[in-house]
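What follows is a group of structures, each given as structure tokens.
In the two assemblies presented below, chain A is common to both, partnered first by chain B and then by chain C.
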Partner chain A sequence: MAPKRSAREPTPSSATTAQISSTGAGSVPVVPSSKKAASANQSPQDIALGIWKNYLDATPQRTKLIDVFMSFLVVVGVLQFVYCVIAGNYPFNAFLSGFSATVGQFVLTASLRIQTNVENKAEFSSVSPERAFADYVFGSLILHFFCVNFIN
Partner chain B sequence: MSDTVAEPFLKGNTGRNTRGILRLSILVLIAAAAIASRLFSVILDPWFNFRATKYLVSHGFYDFWDWFDDRTWHPLGRVTGGTLYPGLMVTSGAIYHALRALTIPVDIRNICVLLAPGFSGLTAFATYLFTNEMSTSPSAGLLAAAFMGIAPGYISRSVAGSYDNEAIAIFLLVYTFYLWIKAVKLGSAMWGALCALFYGYMVSAWGGYVFITNLIPLHVFVLVCMGRFSPRIYVSYCTWYSLGTLASMQIPFVGFLPIRSSEHMSALGVFGLLQLVGFVEFVRSGVPSKQFATLLRGFVLLVFTVAFGGLVLLTVSGVIAPWTGRFYSLWDTGYAKIHIPIIASVSEHQPTAWPAYFFDLNLLIWLFPAGVYLCFQSLADEQVFVVVYSILASYFSGVMVRLMLTLTPIVCVAAALALSSLLDTYLSVKSPEVPVEAGPDGTNGTPTPSKKAAKQDGLRSMRLPIVGIYTTFSKVSVVSALTAYLLIFVLHCTWVTSNAYSSPSVVLASRMPDGSQHIIDDYREAYQWLRQNTKDDAKIMSWWDYGYQIGGMADRPTLVDNNTWNNTHIATVGKAMSSREEVSYEIMRQHEVDYVLVVFGGLLGYSGDDINKFLWMVRIAEGIWPEEVKERDFFTDRGEYRVDDGATETMKNSLMYKMSYYNYCTLFPPGQCQDRVRGVKLPDVGPTLNTVEEAFTSENWIIRIFKVKDLDNAGRDHASASSFDRGNKKKKTIKKRGPKVLRVE
Partner chain C sequence: MRWILSFLLLGLLAVVQAASSSGNKLLVVLEELAEKSKYSKYLGDLEARGFEITFESPKSDKVALFELGARAYDHLLILPAKSKGLGPQLTPKLLLDFINAGGNILLTLSSSTPTQSALISLLLELDIHLPTDRTALVVDHFNYDTISAAEQHDVVLLPRPDAVRSDLKNFFKGAGKGGEAIAFPRGVGQTLGNNSPLLTPLLRAPRTAYSYNPKDDVEGVEDPFAVGQQLSLITTMQARNSARFTVIGSSEMLEDAWFGAKVQRSQGLSGAAASKEIKTSNQEFAKEVTGWTFNEIGVLKVGKIEHHLNEGEAADQVINPKIYRVKNDITYKIELSEYQWDRWVAFNPEAGDDLQLEFSMLSPFHRLPLKLIYTTTNSTIWTTSFKAPDQHGIFNFKVNYKRPFLSNIEEKNTVTVRHFAHDEWPRSWVISGAWPWISGIAVTVVGWTAFVALWLWSKPVPLKLTTSGKKVV
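Moving on, here comes the complex of A and B:
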């Protein structure tokens, strides 16, 4: 169950990472005003286009970097999963650790992204961006230690 | 008015330091009390863990990991390294090596004996931290730590010498929860990662880790349902889950369970749910509401179809393992009795009797609901955790006696919350003076003029929210009553600990008529006999309860032991015990059994003996061989389980019955042979044994050991051989001789 389900998890987000980001990084006030009332009857295609444009305009460079990394992880995860479905999961340990490495890293990166988001400052009063990055490194170290240990 | 000498010490900066030191010293004292109260009698009990630890210390970690134990489960052996939770042994091994490195010469046995009390001190400290996260009052944490230190519900599994998984597991449980609360509060990935690390440690230590695996997702789920999703929860839960699951898979015994078995599915499901909710929340915050509605509808539909389809597909194709039996028995208490007798036969797995709550928790159990109620008053994320925990643990503790252990921490915490808010209200010297000036003429500070208005507008307390205790009398009376209760609680705990929980199962204590203590030491006597009088590789057959003890104390291979991983093998032993001698002999020969050990309490009135457990053996055997062993045959026509004259033929012919009562009647004058456990008179002529012979019977007849006879020299079967020995004349068997034939050649 797990691999399949969690495999599916990143998939929608891969298509929508961009959308997530469009809302992030202080771009909020911009978005509604640009859409205005005219957006009420737009087709979904238009909406997606508008969001994508906004994302390109309003996201800080660093956050974009994180997003690229996240979409890379999604691609790797999907590839592994497809391989597992097609070619069988024989060294199950290896597949599992590889796959959970991508999922875990994705989640950790998402956490970093959330924590460094200016918008969420109120939620994370005690977590500065530097602290968030240190946490991220700490978490990733543990994650990869376990993965390497598990891979056989 | 409250000017005392201590005043300057309790205010400002110095005050903080003083309080810090006080708190620390109180905590140290609590830990000391927790340790001391567990030292009533020190005898090392669970022998398997001790054996494993010795192996670990002498052979090193890697050998331990690959340890194949050929002295248990006799013909099969056991891949011990892969079928145990190594946390306990590794912990004591690490302590041992650390102390050695500090040049403190210490025996591994001492570490094993004192590990549980030592960790109970740490548990008290962890409870203090946990409670401090729940309450602003500094006294709550200290009270909770004190309760945790002496609550009998926890002492029951952590007295000195009870070297069992639970010894360290409860500390890990509480500490993992503390880290989890910390992670949720701060939304920090570091605390989440630490929580995952301790969760991994917990997984390596105790099978009860499943409780954490389900409780934390449930907490998150409840929060999400309450509409309290926040990025903090996303960060802490996802960090915990992704790291913790990987950590738990490192233990060979757990392996792929976290992604296969249904017990772990809730955690995975909540993980997925959080991804979705997190994603939806992000979109919501940026996109105009009209568009959002469109997006959401499509998204929800898509996710629902995919998830449902996936679930059906996986269930049909059987990728998800079916729910394990132990899990079913948690929901349906009758389930185990019908389907898996091996689980139901363990006394720890029985439903809890209600007096046990009072016995184990005493005063705390009626403070517990009050504490939970107080949590509702300021329902922040962490208070929700207490509520969820208490509901879940209360239910489970009612299902299985053993799970009382997981209930104890939350009861201590909730009781401490209730008690500290009471004490804080009643002990404060200052607070009442403030509202008094509002109504100097009113009797209890309630201004008279407002009374009428209050009546019209509803509750008076709603209008005048200043609540306080005004008279010294009420304060003194309440506080002194509470103090008395607490003192009685301490007395109760001490009494319970010294009387009920400090008696190891290998040594029985009884009182002589003059009140002096009499120690009944039959178990050790018998194990010592085995150690000295049998071959080093003599195989001992006994019921599985005694497997670890025989392995540890007598150092002889056993057929089955307390690690009940192979039901068939246990059923084989059950069949051997409950069948006729001739059938049993075959089984025993096949398994190379040299000695059979039975526990018999008839002489002494010791009720935990094998005849009383006998029906479980029958049931378990019946589960595998329904044709050959039938439980019904052991009951009389009227449905009674009898061992006296009226016992059924099957009962009288079973090996267990014969061994238990063999020669027993010779102890008594004719006609007065009595079984003191069952309280019945036995027939004057005892059973005869053909295939086994009595080898040893302990002082009080508790342990009886029989030697399995070898095949007869003369090729007779055992029945005729022993009847010949008894001097019975051999029955003439008419030999059929064929007609004489003339030999031609």
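Moving on, here comes the complex of A and C:
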């Protein structure tokens, strides 16, 4: 079930990240490459490419998954807002609940990303990634319940 | 069913009494009972219409408008008296109390007997002004009776009065044929203040009339009290409680001598030759004026008032509910009757006049014309339908119909207008405008489910690596 869902994800990058991440688990300590990029004179394109490469190499697969989902939420939220600006806000409660669903989901996902990021391990020593994920699921379900209720 | 029965009973009662719509006890105040014979035709007419007449002299101890604090008579007719005062029972305050208690007063003045100061101050209270010369009378050198006042010109001949406004009923036009003459002999003209909306002149003097005092007979009249149509010869006042007060400037016009007397109009302004002799229509006109004053004509009555929801099945609708919802469709009905001499008839306003319904909370949110839908033998039924405003609160159905010469109608029915209940709003999918945002929520939820599935499916990062990764940073 789960792999099928991932194939349906509109962003092709998720597929590639999944592929990379399978090897990426081993390539996390490739951080030195960023040091190497900073040393020489490079065009902005190269710098952007370098950052992108470094991101792909240094980020754990689950964090990348979170990033993909968050960018997806941004796109959906912006689309709803633009529609509201163009077509008007009637019925306003529908706009509020639709828009706040994406915003709320974005905030919840961002906090999941902070809590599960390996680099913040020291700050959240009492919160295991499993606990963080359980909190996240609980919070999201409440959010969805609220939004569906509010749109009536 | 019951209200039809009560209507029948009421109708029977009306037939039995066959008089005014507000009782038939009439007190006539005149100084000497011998004077009765002067007004025998007029008083005979009143008795024939079913009035129970009590005669009292203003000096007598038995004159009392109130008995044990309640009104002792329904109507009061004051004929001019020669005495200086009217006694302690007919003070302006008591007369006003009588009006406030719903009693009707017909007051007659005469230029031959000076008006008592009690009556003058009563009239002033009502914003009706009399000439300062107590013996002043109205003369007209163009519209006088050549038979009885060829020299003095103090018997003014008038046609039947027109309606005050074109959209008002004219109760005083008689048969409406025209060519009739009302004799107004030696009367006192009044002027009316501008501030009282309750005053209406019933009969105005002709354009060429003026008020003057024959005692100071000098060449020409300087600075007359009032001229032309400023002078009101018969003035009416209808109080807010619909009690009626009429001042007839000339008591003589009610006397037998002028009922059906022969008169001949003088040469008019147009220079036309004097017309032939005609009979005065004083008797018919006096009947109309008195009938109006004593609530025999121009009295309106509200019958049933009904309002209900105008949505869905007609059968399961509550009549006159206490509560409505905002944006409900509501229908309102009101039944009106008019009293005409001895019975209630269907009321129809003059063309151009509208009956209106207000749906108001402090100020009206709707002011709608009521439409006639049904006419019964003795009433008309008026209706209108509207949508309740998008505002909750305590509202009134209000019919406020106040016209000169018609008794006042002010009907208020209070209802509550509530807002939508939680389950009365349309569901989101019913509103097509909400579809983009519904799909927004759906996409978010589906995306979240996919994310959770992928998260659970993906392999957790080994702890050892993370620590080593952190070390590198």
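Everything that follows uses one rule, which is that the second predicted complex is superposed on the first by the 106 of 152 C-alpha atoms of A that agree within 3 Å, B and C clash if a C-alpha of one lies under 4 Å from a C-alpha of the other, contacts with A are read in each partner's own complex, and residues count from 1 in each chain.
Everything that follows uses one rule, which is that a residue touches a chain if its C-beta (ideal position, glycine included) is under 8 Å from a C-beta of that chain, and two chains touch if they have at least 3 such contacts.
Because the structure is predicted, anything quoted here is derived from the model rather than measured.
*Asks:* Who does A:F138 touch here: chain B (first), chain C (second), both, or neither?
*Replies:* First partner only, chain B.
*Asks:* What is the contact status of A:E119 with respect to chain B (first) and chain C (second): first, second, both, or neither?
*Replies:* Touch status of A:E119: both partners.
*Asks:* Under the stated touch criterion, which partner chain does A:C147 make contact with: chain B (first), chain C (second), both, or neither?
*Replies:* A:C147 contacts both chain B and chain C.
*Asks:* What is the contact status of A:F95 with respect to chain B (first) and chain C (second): first, second, both, or neither?
*Replies:* Once the two structures are laid over each other on A, A:F95 reaches chain C alone.
*Asks:* Just chain B (first), just chain C (second), both, or neither: which does A:I51 touch?
*Replies:* Touch partner of A:I51: chain B, not chain C.
*Asks:* Thinking of the overlay built on chain A, is A:S111 touched by chain B (first), by chain C (second), by both, or by neither?
*Replies:* Only chain B; A:S111 stays clear of chain C.
*Asks:* A:L65 contacts which: chain B (first), chain C (second), both, neither?
*Replies:* second
*Asks:* Just to be sure I follow: which residues of chain A are touched by chain B in one complex and then by chain C in the other one?
*Replies:* Dual-contact residues (chain A): 1-3, 5-6, 8-9, 28, 31-32, 97, 119, 147.
*Asks:* Contact residues on chain A for chain C in the complex?
*Replies:* Answer in residue numbers: 1-3, 5-6, 8-9, 14, 18, 21, 25, 28-29, 31-32, 58, 60-62, 65-66, 69, 72-73, 76, 79-80, 83, 87-88, 90-91, 93-95, 97-99, 101-102, 105, 109, 118-119, 121-122, 129, 133, 137, 140, 144, 147-148, 151-152.
*Asks:* Within the complex, which stretch of chain A touches chain B?
*Replies:* Residue positions touching the partner: 1-6, 8-9, 12-13, 16, 19-20, 22-24, 27-28, 31-32, 35, 39-40, 42, 44, 47, 51, 92, 96-97, 100, 103-104, 107-108, 110-112, 114-115, 117, 119-120, 123-124, 126-127, 131-132, 134-136, 138-139, 142-143, 146-147, 149-150.
*Asks:* Under the touch definition given earlier, write down the residues of chain B that touch chain A in their complex.
*Replies:* 186-190, 192-193, 196-197, 230-232, 234-235, 238-239, 241-243, 245-247, 249-250, 256, 258-260, 265, 268, 271-272, 275, 278-279, 282-283, 285-288, 290-291, 294-295, 298-299, 302-303, 306-307, 310, 314, 319-320
*Asks:* Which of the residues in chain C come into contact with chain A in the complex?
*Replies:* 425, 427-428, 431, 433-434, 436-438, 440-441, 443-445, 447-462, 465-470, 472-473
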